[in-house]
Amino acid sequence: MIVILSSSATERNRADIVDNLEARGYGVHVSVGVEKTIIGIIGIGPEEKAEITDQFEAFPFVDRCVPVSAPYKLVGKAFRPEGTIITVRGVVIGGQKAVMMAGPCTVETEEQLMESAHAVKAAGAHILRGGAYKPSTSPYSFHGHGVEALKMLASARKETGLPVITEVMDVRDVEVVCEYADILQIGTRNAQNYNLLREVGKVQTPVLLKRGMSSKIEEWLQAAEYIASGGNHNIMLCERGIRTFETYTRNTFDINAIPALKELSHLPVIADTSHGTGKASLVAAVTLGAFAAGADGAIIEVHPHPEKALKDGAQSLTPAAFNDMMQKLHQLLPVVGRSF
Amino acid sequence: MIVILSSSATERNRADIVDNLEARGYGVHVSVGVEKTIIGIIGIGPEEKAEITDQFEAFPFVDRCVPVSAPYKLVGKAFRPEGTIITVRGVVIGGQKAVMMAGPCTVETEEQLMESAHAVKAAGAHILRGGAYKPSTSPYSFHGHGVEALKMLASARKETGLPVITEVMDVRDVEVVCEYADILQIGTRNAQNYNLLREVGKVQTPVLLKRGMSSKIEEWLQAAEYIASGGNHNIMLCERGIRTFETYTRNTFDINAIPALKELSHLPVIADTSHGTGKASLVAAVTLGAFAAGADGAIIEVHPHPEKALKDGAQSLTPAAFNDMMQKLHQLLPVVGRSF
Amino acid sequence: MIVILSSSATERNRADIVDNLEARGYGVHVSVGVEKTIIGIIGIGPEEKAEITDQFEAFPFVDRCVPVSAPYKLVGKAFRPEGTIITVRGVVIGGQKAVMMAGPCTVETEEQLMESAHAVKAAGAHILRGGAYKPSTSPYSFHGHGVEALKMLASARKETGLPVITEVMDVRDVEVVCEYADILQIGTRNAQNYNLLREVGKVQTPVLLKRGMSSKIEEWLQAAEYIASGGNHNIMLCERGIRTFETYTRNTFDINAIPALKELSHLPVIADTSHGTGKASLVAAVTLGAFAAGADGAIIEVHPHPEKALKDGAQSLTPAAFNDMMQKLHQLLPVVGRSF
Amino acid sequence: MIVILSSSATERNRADIVDNLEARGYGVHVSVGVEKTIIGIIGIGPEEKAEITDQFEAFPFVDRCVPVSAPYKLVGKAFRPEGTIITVRGVVIGGQKAVMMAGPCTVETEEQLMESAHAVKAAGAHILRGGAYKPSTSPYSFHGHGVEALKMLASARKETGLPVITEVMDVRDVEVVCEYADILQIGTRNAQNYNLLREVGKVQTPVLLKRGMSSKIEEWLQAAEYIASGGNHNIMLCERGIRTFETYTRNTFDINAIPALKELSHLPVIADTSHGTGKASLVAAVTLGAFAAGADGAIIEVHPHPEKALKDGAQSLTPAAFNDMMQKLHQLLPVVGRSF
């Protein structure tokens, strides 16, 4: 880490900083410039970096602290350069295989779920998605059928053989969701709910961690570090669009994040282009784009009758549209060295 | 609500929509334009609006749905036009009185807390702030002393007479925090943690609800509606800066939100200019600005030795700087018809 | 257009609005709701919409005006549903053909330009890019060689046969740039420099219009409408990344904009993934993504020696990396029904 | 400046960088860390910093370059710590005096302008604003009366004695605008139109430089540096709101920028709260906030009949509302050591 002193810093200030750091056991390099002095700190870990930054930036004679290395370790590329591969009931996520997760936004009825499950399986999906607990901006909206929906997901898995992924929103529900689901989803509104991250770090069920709608890539990796530091290394990073000034689309799908994560981390990257666009008419194009850019998988909302969906109908594909997209993906994947 | 049909919509599509709405019992007005047809729905509440929007926007022949009235009721201005006044152990929040909450970011030691509490009381603060549970971007940072810190806050209240406010981050902690604290703070990272909002809606302890760092004003009011719809109407809205492209400051303090909330809602508005700027050197100026713009109160980080703070030292005022600011506020408040 | 009255509007207010609109010759539909009244205006064009919105929103009894149709005509999809095809010295832009524009950020020397031009031609590029006039954030940076550079571009065209594209920044330079260049580029900082847009609307040289770094898609199409309304319909829309809170990348490449523009407009869409990412290591992945999502072409910075580039070296590909990317694109394009 | 090498950099890479820098005549300090090596460059000016950053970041073995000092000189605080004072026909801008500029968005008719001018003068404004050339998102909107409007402004000045400020949008108009106006305004859409900045840098007429709607504070100061480096040091910085995700207001007025600019620069800071909010109902509150936070002045849209305004009626104050605000400002200014 580098500490940049203010122009007004005195020699005494500089000596104080150096003493402070040496007393903590760090190596120190001082470089006196024309306008400003910079102090390099050798051998500092992510643990102390945040603390020292907070303290030093409070000194009036410190301009700012600049981190030199990443504030995460376990999820960083260097920790496992060959990349992480997660296997869920025989479905491989990461590596050469691409994965497709699909299904309705929300589990509404046994019938709707089964119809969806069969449709996405027929089109080649590998994992079934469906919400049992739903975050809604309005307290008056539908919030999911909870445990009943979890049971329906388990039935659908039994009938189709597809592993299931579903969101967990509450620390008190982690246990029950783990009982029924194969992958835990952490949603964008809980992407920095650190207590929930800690709880899913204590189990071994794989976690799909959505990006916070205003999380920087670095913060997102730190959120993943919460899970990993608890002991659960089965983490997927899911880009789902960020909040920007653009209003034509619901979110701005950050395609840059896909190759960026591939150079920063060893974790598989999944594209949620349903939320990333918010418009069914844009989903197929952006999903093709995401796989072309190196995504390891996608998670797509498919509803047999989008116009009857209780949530997010506007961004759900019909089974027919989903099937068309899958056909194109089969052709596209070999171009980037992948296959379903 | 208004439904705007696509240019490609047929007369049959239009008739279907009208039938659908009339079957639900709504009044309907159709207005056929040159390019597009619009359908007005009469008598729809916030409950059904979200649902109908989701369903209708999934129809290929619907362009979009436009809400005409606000998606919240209990926290809307019309619900209590005279404004909400909350009284906490004799301290009045809202109305003609302005309120100052101050103290360290984090409760570190009994000594640090007491020193802070006496300092802010001496300078005229009305309520003591201090974090027992701290959200941190990094899992390796300090996360607060928990219940021990709650007890120290209670001791500080006993010694100084100042009511205390502290953050609650976990649904499982609501009960214990209510036991010790006078005001519950919901932080920006939990601003859309709906289960936590529901839990604090079940108690009567006042809640200070921070704005999500990327929440629109409307979403923020919907988050408050979660609390109110649970039965707890003692809510304060705390503007703490939003995330933008600007990097010189930690956040962008949205001063517009202050008069905007005053025209949309009856709830008191509190300014957190410490997080809103992230730089101690900017706090006093922006706090004066916030009160001049109509804020009912402010919450400010003050630390006796910012350079020794375990968190957020860079944005903490010294007691002397806090005192200077309070002097100016005493002069400024009468200009806007207020006083401490 | 729809006018939504405030809850406080009286019957008299409503009658005034209706009279005002009828006096202007518009058809009017009034729909009285429980809380609010809405007024639909029939037969209003983009010209009057902006004016009426400005005037009506100033009335205290008007809540807001909601446009129903798009604020542009000539560049809208309906104007030419089959799509625009532009031919530049035999190179086809739009339609089934994909196009690659490549070359150095800035024309530095005759030698550097020729080396670049031969390299990108050898790798299969169709059009040569190179800056003669360069916008720089700092007044102390390099600003391009101007007319000298234009002449070098013309020489490079003569030698390689590649048409050339270069930026014009100043209304006074339009004439001279048209003399040498085959395509005029309008940069992101001039994306709302309306006088410059009007000037390039008066010529017939094709224009590549970059998106403003904070332009909404609708504003961008209105900027294109400036050019088209002047008589120049040879316009390409170039997505080059938008400004967001993310700092790991220079900009956020908005891949959603590609299919969105395809449904809103008939103009060809070009992807500038060099600026869209700002990092050479991300360019190939995001370019593949852009073509997979339906882009008609790309514009890429290639420099024979990026580490010696006077500008934007960090985002320039080497000829070898560019060549690799072109190989992959040849495989990818048929998947989306395209070819070079 | 600091160069941070990648973890993969070899000793040879390091030596090359050092040789490169020493050959350019800079002092160099190398600090070898556990993970990464950093190289400090001594004695580098803003001119070379941009160039070296561009070149070095293109090396695969360079992680990034970190500037240590500001990329502007003439407009930086250190250049004139006592602050700049600009006098326009006897009106003092900067220092202890606060200034109020007011008038209609657009000069529409002689009558409208005179009525506005007398109204704002009566309420205590010091400078008359009014647009002769208007940037509009739509090519079909009104664009101002040009020279005719400039002449009306000069007449209004003659009649009221108020100096006038008006926008210049085109390099070809700088001369004629200087002939009639006392202050040149550079609008937000031209905030990075560098050729226009250079042109207004060649004259001595004071310039009010609006912030680009997505300009960082540092970029804005660099834009001001363009003007100053041309020889015109009579510059005011005008905060007019930035573009964010919030849609309730037209822009987000960045009040943080006011004290931030006061610590970074010596130039006077003016608040445009009309555009900063976009809603007449919020203007007074935010203007009070801006002055309380240290603004040197404000520029406010006032229209005798906002509902008849050709542009921006929704954000224009009536003369009565403007007068009320001025009364409050008279009371507020002494609190921050200022007066009109």
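Going by the order they are written in, the chains are A, B, C and D; count residues from 1 in each one.
As a working rule, contacts are C-beta pairs under 8 Å (C-beta built on N, C-alpha and C of every residue); 3 or more make two chains touch, one makes a residue touch a chain.
Keep in mind the model is a prediction, meaning the values are calculated, not measured.
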Least hop count linking chain A to chain C through chains in contact: 1
Comparison of B-C and B-D by number of C-beta pairs in contact, larger one: B-D
Distance from chain D to chain C - Cα centre to Cα centre, in angstrom: 26
Between chain C and chain B, distance of the C-alpha-averaged centres to the nearest whole Å: 38
Centre-to-centre distance between chain D and chain B (centres being mean Cα positions), rounded to whole Å: 31
For chain A, residues that touch 2 or more chains besides their own: 214, 243-245, 247
Interfacial residue positions of chain B with respect to chain C in the complex: 2, 4, 7, 29, 31-36, 38, 40, 42-43, 63, 66, 68-69, 78, 243-245, 247
Contact set on chain D toward chain B in their complex: 214, 216-218, 241-242, 244-249, 252-260, 262-263, 276-277, 279, 281-282, 285-286, 288-294, 328, 331-332, 335-336
Residue ranges of chain A touching chain B (in the complex, touch as defined): 45-47, 50-51, 54-59, 71-72, 135-143, 169-172, 189-190, 192-195, 198, 213-214, 219, 222, 225-226, 229, 243, 280, 303, 306-314, 316
